[in-house]
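Got a structure for you, questions after.
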Amino acid sequence: MVDVSPPKWHLGHTTWFFENFILANADSSYQLFDKRFNYIFNSYYVSQGDRLSRGNRVSLNRPKLESILAYREHVDQAMEILLNQNNLSDELLNLFEIGLNHEQQHQELLVTDIKYIFSQNPLMPSFQDDEKVQPEPKTKEIEFLKIEEGVYQIGHDSEEFCFDNEKGRHKVYLHEFEFQNRLVNNQEFLEFINNKGYEKPELWLSEGWDWVQENRICAPEYWIKSGKQWQVFTVFGLRDLNLSDTLTRISFYEAKAFARWKGMRLLTEQEWEVACIKFGVNSELNHFQESNCFHLGAAKDNQLMGSNWEWTNSAYLPYPKYEQAAGALGEYNGKFMVNQMVLRGGSCATPKSHFRPSYRNFFHPQLRWQFTGIRLAKK
Amino acid sequence: MVDVSPPKWHLGHTTWFFENFILANADSSYQLFDKRFNYIFNSYYVSQGDRLSRGNRVSLNRPKLESILAYREHVDQAMEILLNQNNLSDELLNLFEIGLNHEQQHQELLVTDIKYIFSQNPLMPSFQDDEKVQPEPKTKEIEFLKIEEGVYQIGHDSEEFCFDNEKGRHKVYLHEFEFQNRLVNNQEFLEFINNKGYEKPELWLSEGWDWVQENRICAPEYWIKSGKQWQVFTVFGLRDLNLSDTLTRISFYEAKAFARWKGMRLLTEQEWEVACIKFGVNSELNHFQESNCFHLGAAKDNQLMGSNWEWTNSAYLPYPKYEQAAGALGEYNGKFMVNQMVLRGGSCATPKSHFRPSYRNFFHPQLRWQFTGIRLAKK
Amino acid sequence: MVDVSPPKWHLGHTTWFFENFILANADSSYQLFDKRFNYIFNSYYVSQGDRLSRGNRVSLNRPKLESILAYREHVDQAMEILLNQNNLSDELLNLFEIGLNHEQQHQELLVTDIKYIFSQNPLMPSFQDDEKVQPEPKTKEIEFLKIEEGVYQIGHDSEEFCFDNEKGRHKVYLHEFEFQNRLVNNQEFLEFINNKGYEKPELWLSEGWDWVQENRICAPEYWIKSGKQWQVFTVFGLRDLNLSDTLTRISFYEAKAFARWKGMRLLTEQEWEVACIKFGVNSELNHFQESNCFHLGAAKDNQLMGSNWEWTNSAYLPYPKYEQAAGALGEYNGKFMVNQMVLRGGSCATPKSHFRPSYRNFFHPQLRWQFTGIRLAKK
Amino acid sequence: MVDVSPPKWHLGHTTWFFENFILANADSSYQLFDKRFNYIFNSYYVSQGDRLSRGNRVSLNRPKLESILAYREHVDQAMEILLNQNNLSDELLNLFEIGLNHEQQHQELLVTDIKYIFSQNPLMPSFQDDEKVQPEPKTKEIEFLKIEEGVYQIGHDSEEFCFDNEKGRHKVYLHEFEFQNRLVNNQEFLEFINNKGYEKPELWLSEGWDWVQENRICAPEYWIKSGKQWQVFTVFGLRDLNLSDTLTRISFYEAKAFARWKGMRLLTEQEWEVACIKFGVNSELNHFQESNCFHLGAAKDNQLMGSNWEWTNSAYLPYPKYEQAAGALGEYNGKFMVNQMVLRGGSCATPKSHFRPSYRNFFHPQLRWQFTGIRLAKK
């Protein structure tokens, strides 16, 4: 799958970001570690020259891992020297902050990509021991939370770091809406499957139905039916499906069809942001940085952050007054604003420092190799 | 191209709409003209049974045109008898009104599809005599029109017919904006070409740039460079490009790149609708029903209607409280609400009765066989 | 399917052959009917300039049939004047003879292409009335005919016309072999199907098995199972399968698998030619020029000619000393000598004057829209 | 490229051959090392159950190399115990011999696959030091060797091992022919390039020309033009092209076009075998087992063996009386007998014990990642 990159590549690419955008510009005496790396570790920055296409990253049997680790060491040392200097420009410090946030984004991708790569191996290997995981037998009762009609403000609203696509704080008019106090779980989605939800075209968007037919989709990613028992491929290998666990690895198409089957809908990203500001960042994170273990248990809180990315029914588009930067950093977010849907919240694999109400993630509607789930709202 | 159908098929499909949704339900004694027609003339209504795929419509060398005209005659007569009855239900009358509007939509498609089919023929035939066309040497001066910040209402607002996707009148918050009083013309777009706009990735959405590269796009649809002279394939055959004519046959990708090159942007569909209500439906239509000739001349008015469909920067998504009907008519609009962009206004080929501020047209961002153009707004 | 062309195109192409290769060269005063026709009616002669690709021939909604018939009339008249001259060169007369044989080849294609085009229409129209056809209830008993081991000569051996690929008469060494005195019939092939021949990979060439899997092949072209009854799409429309009729519309892959299932094999083209010389051209032709009807009945003679093209197990390759002509006519046969298999004999749609033991037909192994069948030989 | 497998896979697959075909059958107490390996290391034996598709072999990040080496150790030990028993059946000993020859075939593939994989890496790494290589400045003068017309015998003719496709010794009739006493070299092929051979459709088979156009082929595999200097990617990395070196990495299409350009032709496989028997296995091998270095120098002998595989103009087809074995070993050769061309001789990477006049190698005509070259014959 073209969206997934080899782990080694993530290590090289995040390092290249610092070398290419900071060291190569800020320090005229800096020696590139290997000038050929610009070609292989540039992801999609057209302004930075020719680059290896995504689909060809698998060809990188060389450089070996040791060389890439040496590359990281080389760049880390140079960055350390640079950062110890006085009088660094705001622009450089800004780039440095973006570089750190960028690397954190790739930490999340690294986990989900390894998981995907392992899932494609017919031996389905595990990469984590599961002794720590205690399945939660119970989940929260569903309640509906409400937001009143009116004019609200959304968009980033502090001095702290954010990406350019969150900027341009602006007013929106929301009509009253209600939404569930937790995400959909495996039990609920299994009812959709048992009710033949994957076989009823009237529940699906037209392109969603085509996707189901062409790819013979009949369950979430990594679900496998073994006789009468549903199993799921996890970081611990193949395990029986735990019904009270939060549903994950869902495409936008599946989220839409499920909501229609339930007679409900997804939130827009504006609704979600207002809801998150009011009903708060949860305090019972069950995510990697807490538990050292990738596992979505049963809901204990509102799950607004730290469980799954939530598909919204908003297309990824610029905010009013959005300014796409000139040059390479203008390529970071702005050029992807078509044919993708916004996800909000953050998952168990997302770095904790990325959790904020205004954060906008985005993927194509058929993708489901990330931790992605469903929150229902009343029509 | 899969979006284009043979002319014969449009005739059969619009007839089938009346037969299948009205006659077959309302009149138990009605005899289907040919029961196999349900398979070949059903477009995309999954609920109405199996159907011929779009790509296979070219296989319909039979039925011959005479048979399809006989089919239309048969259905017309049965409809006339039915409509002369008393006590017709509101539901039936509603379906009849949809059927008429549906056929009018296909009248527009018929024109643009024939044009496209002729353009694919290496002999590039014409289908209209051009004697009536007098090129306009001059166009309007550009001015900027303004809408004030505030809460506005959009969505259909009368007793007259509209499609379901226009319903659910609701409030939106708009920030102040300004937009041009006419559409972009050939002269302005030629400057973009001459300035190597098609060769500058930084102007393009990422998927737009891929589209340009893969399809080697270097000009609008039907533009052909012959030596140093640009020509354009029209309904009159190949003609020299008239610089003051309104630009048409543009994809969303090209519209976005052009706007970025100009340092401006496209309107959202909400902005467009409020602008249209304020600055009015034009009175100087130069479109087919007036002139009996498909020709986009130079701008004489605001061109808000009757010239080109205008690409907005809004994705095609449901309005708040949008209700997707159950059954077949629920398939008419709702199931296409992903991966498409909204177009507003109406073109010279659009039936006049379809012109209204709330009308929402939608296409995939790469498509450009319709009359589609660009209106610029200030950032 | 790219191998199939619109009927109109065949009419234009065969006319173009005379205009382009004879009139345009032989008569300096000759006026091309339409100079754009060289582009649209050149099939594959790279030396004759750019041409419309095969897959785009469907775009030829223009010229209309009347124009093409006028083209034929124009060329026919010019040819008649030319041929009435004295002192025509041998080269011109040779080209004229090739042109006639070329047109006869396209007469056969015209029939099989129309049949294929009709089969793709979901209405499956017929183009011939079937009143003349009396199904034969009985077929010949199978016997084995024998050829002795030894050195034989093959290749064209007379003053009459032949194509260049038949020339270069040469010696071959054949080992003794025996072969059946008629072609395989529907009954015999139905046993293969009922014995699950299409589900047994061990019977198939590897690429044949891939072809079966990818295209979900489970019967000969045009066979359709309706409940428990096999039907077949014929020129008379859909009819019940007649078991004693000769099997036709078979790919090389199916012929190979069937022969392996029977513990037998196909002939080589050298064996076939020697067999045909000895066991003779049949005298009971049941083919179009006799019966005015395309119908393969039950075998009454050896069926060496006039029933089906027979797949041989020989690849299409040059004979020893084969000379590929320079220029356009060198493109006629020689450039196709890879990845195709030789067929021998001639079918019910082949012009009678083409029947000769040395005639070499050739197709890719998966193709089966021609009248193609199977003759078995002992291992 | 689907024909190329990861090195690890070759190690596992050749081991699986012994385990699956010998140990699992011969020794009822034998424990499979890992029963999942049948799925991942079965290449194309349909009779041996489901298997990983070729294109998915890249997914095998697990098992790690250590596990595969342990697998080899496990199987080697079990084979040693088995072979030390008395009374082993002829069938088992035959399978053992096939297994050894099979592994030797994969040794050759291992080398060419690694080379190919490295060539796809944009860094183009080397895997061998080049200090041993001394370019030969001179090559042999071309002479023509002659074979007289007559009946000859070909096919395997001894008690030693051979593959099933070489069996069935039989008579063929050959007409007199003459062929060159060495293979084509880089200098000669460069003349073809400089004479625009890749731009002249009249030199090419039709499918060869399509292949050139679609893949933009303009030189042999691994040739790269750097300014005015031709370079070639070798096992030592990128080096300047040595003109007197033997040409290699050529497709059948290129071989055919080159021969046509020269006014000559390729040999048939029957001609080659008779020529090889007469003009002998060379004694000056410059191949891996001699030199420990993969390098095709200038011709010093007839190069009938140990330099390049030579494309013949014969399609890969069964010999008369060829018996395709039942069961798995029947899949070894017989099921590939369509759409491939025969290569004869053996290359510098071929195990020496495989050199024999009757050996038949075969590839699709567009493939050129093996050591493949051209020998010219007079028409």
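For clarity, chains are labelled A, B, C and D in written order, and residue numbers in each chain start from 1.
Quick note on the criterion: a contact is a pair of C-beta atoms (placed from the backbone, for glycine too) under 8 Å apart; a residue touches a chain by one contact, two chains touch by 3 or more.
All values derive from a computational prediction rather than experimental measurement.
In summary, no chain was found to touch both chain C and chain D. Greatest centre-to-centre distance from chain D is found for B, with centres as Cα means. Chain B and chain C have Cα centroids separated by 47 Å. The geometric centre of chain B is 58 Å away from that of chain D, both derived from CA atoms. Distance between chain A and chain C, defined via averaged C-alpha coordinates, is recorded as 58 Å. Chain A and chain B have Cα centroids separated by 36 Å. In chain C, no position touches at least two other chains. Those residues of chain C whose C-beta lies close enough to touch chain B in the complex are 36, 39-40, 52, 56, 58-63, 117-118, 120-123, 125. Interface of chain A with chain B (complex): residues 44, 46-47, 151, 170-173, 175, 201-202, 204-209, 252-253, 256, 260, 313-315, 317-318, 320-321, 323-324, 326, 330-331, 335-339, 341, 365, 379.
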